[in-house]
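A quick write-up on the structure given underneath.
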């Protein structure tokens, strides 16, 4: 069962924390997702996974952070990007408050690539300076899950953005935010210097799609969410047992 | 009409921004609100006002920030507090992105006292360093509106927290988050050094209520929201006309 | 009796601190005060109050800080403005040294509105991180004292600057710095967006006066100082008793 | 003629700055100066020199900064020490305001060794980032002046602290702050690692005197001040001519 | 031909930069590399690649940075770890100086995984704020090259540390730093939470070897260096052509 | 005997640290040294001294830092300058790692004037915050050694740069980096404001030489190195005995 902190009073929170619940929240992004998916796609998808995980571990579900580190898409209209330091500070402040609140640990469900490095850095600092356990869960086993459920190919290894994968999940959990009639494939040619030089994605991909969202369906979305949840639970439970 | 960025694609966002829409978002808090109101009370209330304002000015409504600067309530379980610098950085990063996105201006609807100083500082810096207009709207005319609609007295001048005022609004817009049977008045005696020494509210008020929420009703809540909206619009329109 | 650190040697300081004296200093500003009052008005006035308080509690009076946070008047010639972070750092460094010096506590007498937020933040951090007690005293009961002693009206609630109030005190304690023949009233119309948008005061008030200094007299100044001292002492004594 | 900003209104300041006056202020320290000199010795002495220089160049004399970087004496009671970053920030903020105020340049008269490095760094940054001229004047020709006027020897080359030199100047300009009956020589043995390891002076010199203040007289003090002023003027005038 | 800045005078540097040479330097680490490889392994290997690249593009070869970000191995004796911010600042300062020196661009050859994120961030900032081109080259095509030349398997995908790959290169270019008689395989079991929780490698791998260095030979080392150089040149040349 | 960490494995490092060895490294600069000496002159010279000291105290010799704080020469081509904060951070990170590694103390051999202030600040902070002993050794007794061995005069007291002194040492230890045929004297006239205003050396000295390198010989270089080593050892040994 998930306990949404949006519905808890402080005595509720205190009681549940005392019972040993950990805290969970999603970190998304406010970022272009092609001409068919909304700017909150990463927040919606990570929130959906965070809810499912919270259900299985009886966690306190804190409000998601709806903004992320989006330098590489920052030239598309609609993208809002945080500096890495800002995201680190935000997550660190929250984790410190949870530690004071006697919440045993924090699980962050990350829905956006650009957040990985700042979130990992924040979790390191919480461990090293304050000895507080913070797990940062990126979609686990994503390559296997994609290849098992999706029909299309990613445009580059491990690159899933506004594609069949993400669009399917949004069609499942927030279909009103998808304009499927505008979905179109995007298979840009990556520059040879892509991973060595700072590169704005918009410089070589005008529509902002990386893959083929036209193959997306809500059914696949539910399968993906189930698979991600199933892959997450053993990792999360190992984390909790280690506390 | 409000345009929720959660439902916009990047071409939608680009078009609406080009048409001159400004951006609006609420900043709340994750903070104790007595034994009867939930930890997201300030976020819910400021979001409700932000939506109403956005409706009247055809603005882009960005996702609310559900965490705030809550030092003075940080000893109550459930409160999560950001450092002022973190909130400044967060708002500044968003505003800079909006400026790059050619959004004309930003309106922040603040729902929490502790956020005032960092939000004002962020708006100053956007003006001074980047010449970008940011308005920070605290509930305008709150003293008059309270005295016209509410029956109870505040425990100190200008101090409204988990009281008839806030509880009424939440009863109106998010009644499932209120546990009215647990509502109880709170009229603590403020220490004489209150405004001169850093003071945790929990040191002199164990239940976290400041006023009398037992007088709250959803009807009053709707009246309050209407009055706040009505008081906000002239200020906001003056701001927009000045752009 | 006040002990001015400007006249103490280090063995004197050590002995007085051991006897339990707290430290006191004023924080002023280097800021426009109309065509009749000097740029150090806030420093002079807060220093006068600090001296009177020190006299009554046998404190060590440290040198005043003659610069403050003056963003809103920074477009008038002669105003020098510190960043809030600078003032926080300055006060924090001093407080840390006092703590090492075994001085029991620090009382800051603030004479300028813009300093409030940074000074309060500094006092919070000293409490939270170092458990060192710092009180920041803004002129207490100022609304009552103004209305009891002064004839004029403030141009906005709680707004006293280069007016009857301040000018009277300077006429009392530093009359050579006042050019009364240049005093003129200033009752500007505040923009409706004043408290929501960062606003330079010079944008709507060319002379820098907020109220009516022509009503000022040295007699009123002495009365004001007496009243401020009288209002301060119980707060300060409660603080000292709590140490 | 010196223009003390403590006595200027903003229209005065504007007029004098327009006439080309530069700004001057002293930076001192709140630091032990033996059992006979007061904690503000460095501020008093640098202020005295700043006044004389201002007299000769018709400058605006801003209030002195009465605190400095005093790490090495921070273990003596009564010493208050700023972090170097704090002093840099303070001076930089003031210089930036002066630049906005159209004051042509800033001259800082430094009275304390520990301030040198932060003040020079601040002046570099003003030059490099903002192209604003800031001169930092340490007592020029001090070795020659000392040897010409004083009888005693310094305990180490270039080391003058609470000695015949400083005490003489204070006897001249602020005799009420000196307790000559407590003056005693201090010729500690400097550890061989002194300049290579961070060393608190109190570790090898309990009284805090470095030299022989018993030889101090007010007459020497006036001679020293005259000599320092005479040595300063050509440097300062060269600076002003270069603007 | 490589131009080692260690052997250039400033007029040499000026002339070569004017001729269009870019700058190159390696970033290594001071980090455990098992019981057989020295603590500078990453510096030596990245330096070897940087030299070969410089030879082919006629670049100025600056001194390598022999320290890196090594949090995850920081519990092994001998590891020295920089904070990410430190490495970012260091690289940014160098790049800014090169820009002032009119050097067209900077190529950083990175030899250590932990440096990737800070180096990429530094290159982003140089691009965004100063429009200065900085390429960060991690060993390109490393998976293919490893599988073509080496016999052993990595302990986890993409994880090469103190193994056949690195040891071979060091045996080729700095054989006196290898104690092959102490080489032993290391195939630790990675915890399931490895990529989600901050994890010290020493917690699950006491010898610090990740793979099988006993298969290493100098011959393989030369082949690896050739292959890495061959894979690097097209990327680097594309970068240079884009300037 | 010196232990070069470039040749040590982590078990070697652990063993030697346990035996009580301290760590030593040089800090140089990447800076113009006239038309005849290379840009790494300060690194080469300080490294030479660091090696000799390490030999006599059986220390672990870490890799030198080949970049330094070079603001004043930053307008000459080829100079690369670190911000003081960067150098402080770099040295502090290394020192913290050494403390974790149970290395008893750190000795830094500094070869460049601009590094003095940041290195001293770093050593202060390690002492004060972490109680870790760091010695910063500037060339000891340099005035005496220069006058005893060299024939030329310095252009200003204590100013040795690309002159007989430095050139001799480089001729001794790295003769291939010197182009003696280009050596020429440099005796610029220092501006009267030199020590009071931030001044680029290139503004009054086009060739970057300060003294007369034409008098340099390798023989003098060896004598200088011997003398510097001899002057260093008693200071270093006193430091080690104090641990």
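Note that the chains are named A, B, C, D, E and F in the order they appear, and that numbering of residues resets to 1 at the start of each chain.
In this section, a contact is a pair of C-beta atoms (placed from the backbone, for glycine too) under 8 Å apart; a residue touches a chain by one contact, two chains touch by 3 or more.
Only a predicted model underlies this, so the values are computations on that prediction, with no experimental measurement involved.
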{"item": "Topological distance between chain A and chain C, in contact steps", "value": "2"}
{"item": "Where chain C and chain D overlap in contact partners, by chain label", "value": "none"}
{"item": "Angle (degrees, nearest 5) of the CA superposition of chain C onto chain F", "value": "120"}
{"item": "For chain D paired with chain E, centre-to-centre distance based on mean C-alpha positions, whole Å", "value": "49"}
{"item": "Rounded Å distance, chain E centre to chain F centre (Cα mean)", "value": "26"}
{"item": "Centroid distance [mean C-alpha coordinates] between chain C and chain B, Å", "value": "31"}
{"item": "Euclidean distance of C-alpha centroids - chain B vs chain F, Å", "value": "57"}
{"item": "Of all residues in chain D, the ones touching two or more other chains", "value": "none"}
{"item": "Round-the-ring chain order [start: chain B; next: chain C]", "value": "B, C, D, F, E, A"}
{"item": "Residues of chain E that touch chain F when the two form their complex", "value": "5-14, 17, 30, 32-40, 43-44, 62-64, 66-67, 74, 76-83, 85-86, 89-90, 93-94, 97-98, 100-102, 176-177, 179, 182, 208"}
{"item": "Residue ranges of chain F in contact with chain D within the complex", "value": "71, 84, 117, 120-121, 123-124, 127-128, 133-138, 140, 191-193, 195-198, 234-235, 238-239, 242"}
